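Please see the structure below; I have some questions.
By written order: A, B and C. Residues from 1 in each chain.
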Amino acid sequence: MLQHLPALVVLLTVLLQGGTAFAVGRARALYGIKAPATAGHPGFERAFRAQMNTLEATLMFLPSLWLAATYGAPLWAGVAGLVWVAGRVWYALAYLRDPAKREGGFVLGSIGLLATLAIGAIGLCRVLLFG
Amino acid sequence: MLQHLPALVVLLTVLLQGGTAFAVGRARALYGIKAPATAGHPGFERAFRAQMNTLEATLMFLPSLWLAATYGAPLWAGVAGLVWVAGRVWYALAYLRDPAKREGGFVLGSIGLLATLAIGAIGLCRVLLFG
Amino acid sequence: MLQHLPALVVLLTVLLQGGTAFAVGRARALYGIKAPATAGHPGFERAFRAQMNTLEATLMFLPSLWLAATYGAPLWAGVAGLVWVAGRVWYALAYLRDPAKREGGFVLGSIGLLATLAIGAIGLCRVLLFG
């Protein structure tokens, strides 16, 4: 079962992105910001940046998770991935309220990302060097 | 052959993104918007937002497609994926002309995404619960 | 060993994105641009656009790399991928200084992307047509 933990993390990243996209749609309606505008109210801009920052972070995270699950160990990749998800949920919720308070979630998410990346990079180097 | 349908969908997502990126480049030249500016003419801003929305949607879709193909069934993952691609092509083309008319493509794309996600999530839950 | 070259390229894409994200964070501090703002100083806007363009390019590249490694040949996928990485590093560094000088890196990155895409598309067509 534990070798499927990274797949569960992948599912959670999709839900996380769905959540931040939903918050942008709601803010668009709430503050009357019509597409293609992406500015006009601080509440909308916070939701929009929370979504974009989640997007940027996810595109670094998913390849790292794949490396960690393939070349490291699925269990540890999954655990580090869950740390990343927890940090990014915290980050997005904090950003929606006050961008100045996003640091805690950012740090936790970064720990999860760096752990995933380290697990993957070490495993890949071992395979490249020793076959 | 049908088990390779998801790979064909992956190829189409790259072409879709290439198309929306091309439209931005063309709008940049057409309306004289020099990088790094991303505003200055409604036609450019529509092309730019169509590309960004495609990017956001793709990063939710590809992990869902992977889950559906790996834990569900490649054939149904591929069919749901083709629905997503059709919806997002419609969405992007509509957005370039008039953002108010993007709804049809958005709904069809969302159906494709939710179907892919459901196929993947159900398959993953089955594996996690019953091994 | 050579069949793991694409994984090394994946690792490099994560580092490339980390580098462009780091440049944005540094520019945010240097020019005093507080989140959620993404404008206010040309130096910040260049760093921000370099990151976003890298993001856009990466989301086209990684699925292409997967297709090339899975349906083409891992070695050639990896070589084309290294060309892409070299082009995009050049692009990002040039963009940070002067967006007008980003063309060389853009062209080299595009050659890498098109090569990866061609390797993947040809391999996939062969499998779809001849099983």
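Methods note: a contact is a pair of C-beta atoms (placed from the backbone, for glycine too) under 8 Å apart; a residue touches a chain by one contact, two chains touch by 3 or more.
Since we're looking at a predicted model, the values are computed, not measured.
The chains touching chain B as well as chain C are A. As for how the two copies chain A and chain C face one another, under half of their interface residue numbers coincide. Chain A and chain C have Cα centroids separated by 19 Å. The set of chain A residues touching two or more other chains comprises 55, 59.
Chain C makes touch with chain A in their complex at residues 1, 4, 7-8, 10-11, 13-14, 17-18, 21, 34-38, 51, 55, 58-59, 62. Note for the complex: chain C touches chain B at residues 42, 45-46, 48-49, 55-56, 59-60, 63-64, 66-67, 70-71, 95, 99-100, 102, 117, 120-121, 124, 127-128, 131.
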